[in-house]
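Structures given as structure tokens follow.
Two complexes come next, and they have one chain in common, chain A, joined by chain B in the first and chain C in the second.
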Partner chain A sequence: MSTAFNDPIRAYIVREFLAGEDAEDLTDDFDLIESTVVNSLGLVRLISWISETYRIPVDDIPLEPAAYRTLADIRDFVGKAAPAAPATV
Partner chain B sequence: MAAESAAEQATDTYGITAPYGDELNDDVTRWDRAAEFPHEKWKPLQRSGLFTLPFAPEYGGAGRTLTETMAALEGLGHTSRDAGLNFSASTQIVSVGIPLQAFGSAELRERYLPQVTSGQAITAHAITEASHGSDVMNIRTTAVREGDEYVINGGKLFITNAPVADLFLLYVRTGKPGAFGLSTFLAERSTPGLTIGEPLETMGLRTSPISEVTLKDVRLPVGNRLGSEGAGFLIMDYVMKREVLFSFAVNLGEMTHRLKRVVEHATTRQQFGSAIGKNQAVAHKIADMRIAVETARKWLYDTGRKVEQGKDASLDVAATKILVSEANQRTAQDAIQIFGARGYLTDTGIERELRNAAAGSIYSGTNEIQRNCIAALMGL
Partner chain C sequence: MPSPRLLRAISRHAQDQPDRTALVSAGRRVSYAELERLTARAAAELDGAAFGSVRALCVPAHKSAETVALLLAAWRRGINTLVPSPALGAAALSTLTAQAHGPLTAVAVPGGGVTLSREETDPALADGFSAPDPEESLLTLTTSGSTGVPKLVPVRVEAFDRFADWATAKFGLDGDTRALSFSPLNFDLALLDVWTVLEAGGTVVLADAGASGDAGYLRDLTQANGVTLVQGVPLLHRLLAADDARYPAVRTVVFTGEAVSEQGLRDTFAACPAARFHNVFGCTETNDSFVLDIDPDAYAHPLSIGDPIEGTDAVLLIEGAGGTEVLEGPGTGELLVHTPFQTCGYLEQARNAQAFMPDPRGGGAMFYRTGDLVHRDADGRHFLQGRADFQVKVRGVRTNTLEVETVLGAHPDVVEAAVVALPCPEAGTRLHAEVVRRDGTSLSSLGLRAYAAKHLPRHAVPSSVGLAGTPLPKTPTGKPDRKSILSTRLNGVSS
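Up next, the complex of A and B:
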């Protein structure tokens, strides 16, 4: 299983949404939305963080909550997206 | 003062507007009373290169970083006593240029960014509506797709720079309710159906005009959309973080200048045979002002660096916004007290600073909404 050390997306979700809680259950197919670990405000932040951290062009960022159901789903599109040219700001 | 030299050492952008101080500070009281946008003061800002800073060289930009741009805006706040003009200048950088550079198509960037970086086109962003201010994710202005165009209907309120702006970034609804139904479009002032209201009379920032924008059957080509349909919230989040950092960096410069004036007054004004600053009641107020200024500086630049590095800074941005806006209001109030009746006179410009500081706890998301956001981030 991935750990916080080799998986920044998992580390982010643990730090921002599961702080102080047991992150053992956060397997790659754990449903983040249905479990309400990530609520609507959280989803907005998660998408913003992914787009900025991985510099994914906005046209390539899926805006359907379904794309963020599980860690595996998120990793899937992040892996496929080509990074945009870095902006200066 | 140590505080100022720290900023100066950190970056060479801090002083770029300083040579234009005389022009920027010409007749500030009269401009404030007239509540007019000082077009002739825009020109020295254009010459200073302020508007070019965070943009790529191919669009006439200087390619500087977020924190270097913040330092220049802090420097502007220190140099210019026209807080309305300073606020309009910060809006110029963040409202259209920043999202256009990050999210606009190559065609839109090539066509419009050079006008923005030169300051030739004044810019505004229109988010707030009469029925939806704080409840921004539920705005109601709609854009309906018809072939290669969108037809936009609705209205916006309190839009900074609108009375003088040439370019508008419109945040509207293209889809379902809530955050994921928002999209963003670039519109020129001359677009048929886009009507600008009269400047609204305000308490402070009087040289930064705000007004209503009415949108009636406004037709925009699909190519004027920034990002995909539904990406409006993403763009708004990106822009709002930078709006807070830029406009409150200006406030930091204004507070630093205020503190200098207060120290000078407290060391020269004599009562009961000694300088008023020798009284602990006065000295403690000034010590608290210094703490407020330095705290604001640490939060602003620490948060700026986090955003620059692409770290999640949602809580930091909210905290910075609250902290700096409230420090600005408190130090402006204390300055009036320390200046006594002289602080209450319009000619000294001290009372204007309190009026100018008032809006800081309202724009860029009210301080109540920012506290709600921090609480939500803490799981409350």
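Up next, the complex of A and C:
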């Protein structure tokens, strides 16, 4: 998994949900849902951002939180659904 | 609160044990004989002031032997003293003085003597405020008010005597008691650790107001003076227990003001191996109302607030179908208390109708509405849940920010935590936590959130966390200054 591909998702999470906080501990397997870093309102924002950034139709995006539990989960999903690199970040 | 009985007791100590130390202040020992001399001098200066008959006097609570003597002198002359914080701003002080019908201010001069000043204030400011009656009360305390001007709470003479009787018996006070006075003289805590101890003929060790956050200073002061009684907010006990300090002379430890953490309890047990431990619960309006004796070998955390003090009546009020009603059995409601020590009411008459009400079960006793949410369990034990006004709604769910603080504070790497509610366009309100982590630990905000998520319902997990290595801003009582934290967050200044 290249860093270039990795960074935008992590950067988005840090920017949107951890503004101004130390994010060193945000490892690929940190549970975003359980820790409430991403709550139900945040999940809607996250899905919308994934859809726009990676040009994935919202209909193709699973809505259950389990799909977005960790950075690794999100990256896996985006990698499968959007083989092309993101247009813009 | 002093009362004529207190004054007689101190005069008696000056005769019977003139060389015994009454006060330790700024490194100086003041014997009962010297306290008597300082008091006589202050009284003479009050007599000599050409202000005519004085019934009320403002005495800013500078923490010194001279201020103690000045207060005793004023009481001896039958004058009610308003004792505001010396840190109060000039405008608030001026308003307070006017509200207390006392244009005169007296400041104790180091070494003895008094500086008197008279301020012309707008008499309209006293409209709606009762004049303190020295026959009924010699001391008017202040409590923090949400508007910036404190509320004026007269302490009745006989209420002080009853409190002194209770405290003397409960904590075994006598001539050998040496009390650390940590809180400012304007706090109700001084009723125990200054005035009741002096009545008992003991020694009061005045901690310098400016050094009250300095663990090394407090440790040296407490150890060097062989302090036997320590009363204060959890912050004080934490400072004393820092660096594994030990206080073999301490016989009585009193926690008050805020819930103490389990780690704080254990540290204090270790620091004071020969002490008995108590938690007292109360407020300025009623003085102490509940007391819990804590057995270091058999206690359950969180601590209950204990049992009503003898003579105290307590009920929990809830919102029922037909309006407010008294809760019978287990449940959570607002605590209403009637204590033998309570005030006759705020000087501001309009406040009393909201704050005091007759016994809701019928009868004439006046009960004070504490605003505290208290849970009573099936065994009849009472637990403080927080302030009624610490309730916020996060995504529509009623949330108590004090409970969230308690949970965060229980993390082993957290020294202290404060939680404030911030406006949020999505959730209406969201919680922000300011947390101080223990030196040398690697606690991160993500780690703390994961911890909070394990111990709290989701809506109560703070959505942002600020980690600091320096102590949180404090109110003069040593509690986290949540207003200041809130305003820092709202104004976008990073803390």
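Everything that follows uses one rule, which is that the second predicted complex is superposed on the first by the 75 of 89 C-alpha atoms of A that agree within 3 Å, B and C clash if a C-alpha of one lies under 4 Å from a C-alpha of the other, contacts with A are read in each partner's own complex, and residues count from 1 in each chain.
The criterion applied here is as follows: contacts are C-beta pairs under 8 Å (C-beta built on N, C-alpha and C of every residue); 3 or more make two chains touch, one makes a residue touch a chain.
Here the structure is a predicted model, which means the values were calculated and not measured.
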Contacts of A:26 with chain B and chain C, given as first, second, both or neither: second
Partner chain in contact with A:76 - chain B first, chain C second, else both or neither: neither
Touching partner for A:12 - first (chain B), second (chain C), both, neither: first
Partner chain(s) touched by A:58 [first = chain B, second = chain C, both, neither]: first
Touched partner set for A:37, first chain B, second chain C, both or neither: second
Set of chain A residues, in rising order, touched by both chain B and chain C: 19, 41
List of chain C residues in touch with chain A within their complex: 395, 426-427, 444-447, 449-450, 452-453, 458, 461, 463-467, 494
Chain B residues touching chain A - in the complex, by the definition given at the top: 54-56, 61, 63-66, 69, 98, 101-103, 178-180, 226-228, 230-231, 233-235, 237-238, 242, 308, 310-312, 314, 373, 376-377, 379
Footprint of chain C on chain A - complex, ascending: 18-26, 30-31, 34-37, 39, 41
Touching residues on chain A, where the partner in the complex is chain B: 12, 16, 19, 40-41, 44-45, 47-49, 51-53, 55, 58-59, 61, 63-65, 87-89
